[in-house]
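Order as written gives the chain letters A, B and C; numbering starts at 1 within each chain.
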Amino acid sequence: MDLLISHFNYFISICLMMVGLYAMMAKMNLVKKLIGMNIFQWSIILFFVSTGAKHGATIPIVEAGHSHHGAEVILQASHYVNPLPHVLMLTAIVVGVATTGVALALLLRIYRTYHTLEEDEILQKMR
Amino acid sequence: MNTDQSQLPILIVVIPLLFSLITPVVGWWKRQWCCPLVITALALSLISSVGVAYRVVVDGPVSYYLGGWEPPWGIEYRIDHLSALMTLVLTFISLLAAIYSKRSIERELPEREPSFYCVFLLLITGLLGIVVTGDMFNLYVFLEIASLAAYALIAIGEKGAAFSAFRYVIVGTIGACFYLLGVGYLYIVTGSLNMADLSQILPQLHHSRVVLVAFGFLLIGIAMKMALFPLHIWLPDSYTYAPSAVSALVAPLMTKVGAYVMIRIMFSIFGPVFSIEIVPTTTLLTSVAAIAILVGCIMALAQVDLKRMLSYILVAEVGYIALGVGLANRNGLTGAILHIVNDAFMMACLFFAVGAVVYKTGTRNIYQLKYLHRRMPFTMGALVVAGLSVIGIPPLCGFFSKWYLILGAIDGQQWPFVVVLLASSLLSAILFFRVIDNAYFDHIHARNGDLHHESVISPPERMEIDEAPLSMLVPTLVAALGIVVLGVSSMKIISTMIQHAVPVSF
Amino acid sequence: MIRRQDSIIITTLTRLLTPFIQLFGLYVIMHGHSSPGGGFQGGVILGAGFILLAISFGIDEAKQRFSEGLIAVFSSAGVFIFAGIGLLCLFLGANYLDYGILPVVEPRSLGMLGVEIGIGITVMAVMISIFRDLLTFE
């Protein structure tokens, strides 16, 4: 029980990942598969961002009084949340959006060719 | 202008990227200038990679700090012998594919050339970025650039292409997400994303469970991208229904880049000690690879469509490379890296030739290629050369890589894999002789259904040479020539480049 | 096919809100390097403003405001700005994307601002383009 509470972000992201994987594998509609892929990607992004959090730390933004025009203020790095996972996950979010865009365009093409979005019907028409 | 040679590593990647943005703009203005622009971009990239390879061979590995920030804070581009070899192969084959695509795309996609070439160059940018970078997350970004461009390019083919591309999207995204998860675990436990830095920090963490899980996720993600059995299901459909110019570019290159990433992860980042002794990767990898080789060859026997047969042969070739990596001794890894280079040329020549046949005759059915050697002698000659190389006949290049793989299997006392390698040569011989037989002769029983009477009728008297256009013929012949040249100069390649790419402890 | 909304509340509110949405999007782009925000976020807000316009007023009118050629030019221009700043640093003698060499007052800060603007333009154009392609489907 201690493990569940102390590492709850891991368990949540695993649950989301499994939901996404189930949707990709078991659903017949192609749009539902696409949504499952999206859930899968976002679970990994959530997991990453949650690993950068710390107790009692603030967001990694330097306040206005600390700019390099003003007086020299020494910043303690341990007061701030780790900003590197945030930056990496920005890129991953963009990649996820681009993949969703490409997949949606593919779905449009599939619909124009087969007039259905159910996988079993498409496979029958392809034979 | 900083004309110092040290800026060459970035130019390899940036030149195709910039030209991919210029090409649609110029193409909407004047369509005929698209293809020359693409060829210019790839020629410049080839010159840069030749320059960098020369520096690497003479001086040793080259480092380039992006943005001036030093590692491990900044992104580092690190080109050592393996990367230099891969950039040479990638730029050369993509230049050939660009020259080849001119006529083929004019016929298959008449009005959309500017957009096609834009995505084409983006794909090449992604592939080049993967082999040049020395940062784990930067590799993920380039991997996704290449994959997205490949999804889009494959989907513009014939009737089944969009669905196969959708399947590729799903499988490829899962693979990339697993890779991202592996990078995340490594970052949590070490705090660094730089490959050289990780290889220094990880030996102290060898017995940590997180590192083990990260290794597993990374390898499975890359196996999905590489089409290693049993994660290869997306490959035959996608490469069959894609346009000829696209499969000529994607088929030789994408799976090889995946194999490169696997070699990097196993031997440069995690080190041979971890990959071989602590985790029994080699037994697992070799068994899976042997099954891949056999399944690829046997499934190829059942195909009637020429391009589908080549896709299954590609699955078998990936199995060879994985077998070489899994054997984990000097000869095996040398064979695997040599096979990456050889297979790029062999697959390029095969897909070029098949595309030329489709362009001229419109059919991909093996049983309908009759007397093709009279109508298209040069293309069929190139097909025969590439086929003989896949079987493994000296002095063509396929023989040398298989020789090193068999030597590696013998060194490791793994006799079943020697048997598998020899059996696959036999199966490839059956495959290609079936094609050559159907293309060079016309048997009566194929037409009458009369199985007892098998005689070869002579071809009609006048059959002119109706060869593929020059812009499609020249890349095919250059690739076939490359197969011969690579075979003859195998020892030179091994002594200058490959033997420095293999870890010293082997 | 999205047609113009019949309700006058929606059309009036959209007309009133769109300039503020765009201004907010520009604000998020500009302040990206010292507060939450940046190129991608601001670009998405700008794109969402246009999508709101398309949903309320119908796809025909929205298509008039953003033609396909303009979208292509914007998306290429944004990436050009980013790669171009990197090339400028290359020409001036430092490594690629090494902003410290630019001849302006605060080179690193302004270099980052420049690339964020480029990213914002591209993301806005791509968002609009995806939305257009999904809608013009028959």
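By definition in this document, a residue touches a chain if its C-beta (ideal position, glycine included) is under 8 Å from a C-beta of that chain, and two chains touch if they have at least 3 such contacts.
Since we're looking at a predicted model, the values are computed, not measured.
By number of C-beta pairs in contact, B-C leads over the other of A-C and B-C. The most central chain, judged by the distance from its Cα centroid to the centroid of all protein Cα atoms shown, is B. Note on chain placement: the centre of chain A and the centre of chain B lie 30 Å apart, centres being C-alpha means.
Centroids of chain A and chain C (each the mean of its C-alpha atoms) stand 22 Å apart.
Separating the CA-averaged centres of chain B and chain C is a span of 37 Å.
The residues of chain A that reach two or more other chains are 98, 105, listed in rising order. Against chain A, the residues of chain B that register as touching in their complex are 137, 140-141, 144, 148, 151-152, 155, 159-160, 162-163, 165-166, 169-170, 173-174, 176-177, 180-181, 184, 187-188.
In the complex of the two chains, the chain B residues touching chain C come out as 1-2, 7, 10, 14, 17-18, 21, 24-25, 28, 64-68. Those residues of chain A lying in contact with chain C across their complex are 59, 61-62, 90, 93-94, 98, 101, 104-105, 108, 111-112. Put simply, chain C touches chain A in their complex at residues 34-36, 38, 40, 123, 126, 130, 133-134, 137. For chain A in complex with chain B, the residues that touch the partner chain are 21, 24, 30, 33, 37, 40-41, 44, 47-48, 51, 84-85, 88, 91-92, 95, 98-99, 102-103, 105-107, 109-110, 113-114, 122, 126.
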